[in-house]
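Report on one structure; see the data block that follows.
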């Protein structure tokens, strides 16, 4: 069975290490915060200017001045810090954020990512995505393996306008976990009940199956 | 009579306008603060990270954490702000400081300034002088007209290593006030009792006497 | 030194048609509500607005779009606005999309007197078109220019009469960066206090950057995505 | 996440001979007294020290000069130190003098992941030798590179266990800039508090930049130029 969104998020959460500073994008990445392993302390960065993002506020305690990069009302935690947008992206660019998790429309076998623009559709903008993918030191993409038409999103080359070049290090899809290497996609885990053949069939870019490939534990 | 240091400072103080942000260098420039005209409010910038420098503290009230760029203990005033050294020079570079007053060893007729290094003598460093002269939007030099050997410090070209190029707008010396123009030094005021002939004799760089030259009021 | 003006109308009095404005805020958080209203009232046209977002249909910069006062938006994300989309598709409105960190850093560069900076964002994408690429330590950077704007209009939580500003929580965002970057900087504040009432150690924007300041009124502070959890 | 170390000795434990250090402070104001003492005790040699000043003979970086642990100083002003002068003239010590604003901005550039910036200071002077000159808007700028340092050692007034820092008055100076710029950043603080005790709106250095923090002790906080007026 392909993973559901919660399971993808849960698997990504296993990548978190104690002391990590993490930026979680909108969508599946946001769900990662719900599965942070016991004993692992991470600090969530919101690129609009906050380190130490807490949970949503209780009803009636929303504050218009306290939002995340998705414009949702949030809260702080002990040790939180506010700063301006230049410092926020400065710390990302300087490699201080350990991990960035974001969604994608396409990823190429060389780690290019497309996630901001579809030609002939209204373009809303890249927001912070181009900064994050260009500058974060470790990027994991959380996405469905195929698009709604059933076409692979892991491609030899991206067909959509790029967000960044050669930056994705790892993909967790509904079908498995893939390292993005100099030799293309390497499948290191498959989802429970998903066969290697299915993964091969649904991956258009260059794919290698790791010798020690294993079933994902989620 | 040539002006004394206090009189040079007093003359420079006449250049201050209400609302000016001003950086005063070490030496004669520091004295300018004592002669700010009545009704003129200026904010003094200290490039180590303070806007709104106040007077020296009362005895016993010195604070090691509160010093000026000359490393002297100082105080703050209502409306003071602290900031880091990058912002401090950033506001200078961006033209937010209206006037910088500093000393010089030599000034050339094209506005070059030398004030940081004498070959074969111990070099202590330029500190913030190169930043200030390169970036401040209006620079007045306060200095003696001649060096201890009696040689002119207003030269065709500086003989000492430069601090900055083409940046000095005005000089107030013990002999008079000089605009630095595309046409060299222009004497616009002479000190009381100092003759134009004496100024001519002691100015090595190209010098013009303004048609409306007048006696300095100090 | 007198930076205090009576209200938003007086603060924006000399903004001419065709001016380039920076407007602080992220989404609807920390936007200069009073000045936007005053610009709508004044009817200034052909504005170029540098702002991370373009508001929503009936709030924020969306109000200036409704009245067709905006010629060009320079933003990172302009999603939440139907009238915006209509004007863009009809060619009435020009839009330049810039990565968010690049937008922020180009403001900062202006405030620090740095004419250009090298940034990673956008290398290898259409954002890089026409820009100088330069390699440092094996990575490719784009040369990005400091913004040149006529007015920066920001919203602070507290300010004093010398123009010193403090921003609340994430309403800080682009506000202090733009405050540094305007040829003329206008600050509207929720609470205007006397010099000395703000602690000099904790001021986000030194008053030297601020030319006009006034006490704003009737802040709506609309929330764009109200999200809560149950008690 | 455990950034708290017991003391200065533990904080500097792995600093090797030949390391490049940034040391915060302006004159003797805001200098990391405890870490300097620990480095003297540890005897680490051939250090390159990036610091605005070089201390005085018997305080600040002067202590590291006395013990000949410094190979090179990168500073803007090194005036107040006789031993420094002796070592410099004898060729034992290398010195690179940099304009103060350039020094500060090269720290900031490192902290913001900007490999190079264009600055006005030093154009047309010997500081420009070997540097790229580039004209923007009719002015000539020098290309200056971000600093690459192994450790940044800073002194803060208060810090919490997550590494968030607040600096006192003008003891801020280079400290927050260097804190952002170190591959490993060590902060000594006069008062170490629990997370949540510092107001998140008024933190100068976010903890993400700080790797080790400890409560310092026995601060002398020497005044270099005591100037007073009579009551």
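In this document, chain identifiers A, B, C and D correspond to the written order of the chains, with residue numbering beginning at 1 in each.
As a working rule, a contact is a pair of C-beta atoms (placed from the backbone, for glycine too) under 8 Å apart; a residue touches a chain by one contact, two chains touch by 3 or more.
Keep in mind the model is a prediction, meaning the values are calculated, not measured.
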Of all chains, the one whose CA centroid lies most distant from that of chain B is A
Taking each chain's centre as the mean of its CA atoms, chain A sits from chain D at a distance in Å of 36
Between the Cα centroids of chain B and chain D the separation in whole angstrom comes to 29
Between the Cα centroids of chain A and chain B the separation in whole angstrom comes to 56
Expected list for chain D, residues touching two or more other chains, is 105, 112-114, 119-120, 168-169, 200-201
Multi-partner residues in chain A (2 or more other chains touched) are 76, 82-83, 86, 90, 92-93, 135
Contact graph of the chains (line, ring, star, complete, other): other
Which chains touch? The pairs are A-C, A-D, B-C, B-D, C-D
Chain D partner, complex, touching residues on chain B are 46-50, 55-68, 70-74, 76, 82-86, 88-90, 92-93, 112, 122-131, 134-135, 161-166
Listed in rising order, chain A residues that touch chain D in their complex are 18-19, 21, 41, 43, 45, 51-52, 76-83, 86-87, 90-97, 135
Within their complex, chain D touches chain C through residues 105, 112-120, 136-137, 139, 141, 166-169, 200-202
Seen from chain D, its contact residues with chain B in the complex are 26-30, 52, 75-79, 85, 88-89, 97, 99-105, 107-108, 119-127, 157, 168-177, 204, 221-231
As the complex stands, chain D meets chain A at residues 1-2, 110-114, 160-162, 164, 180, 194-196, 200-201, 203, 206-209
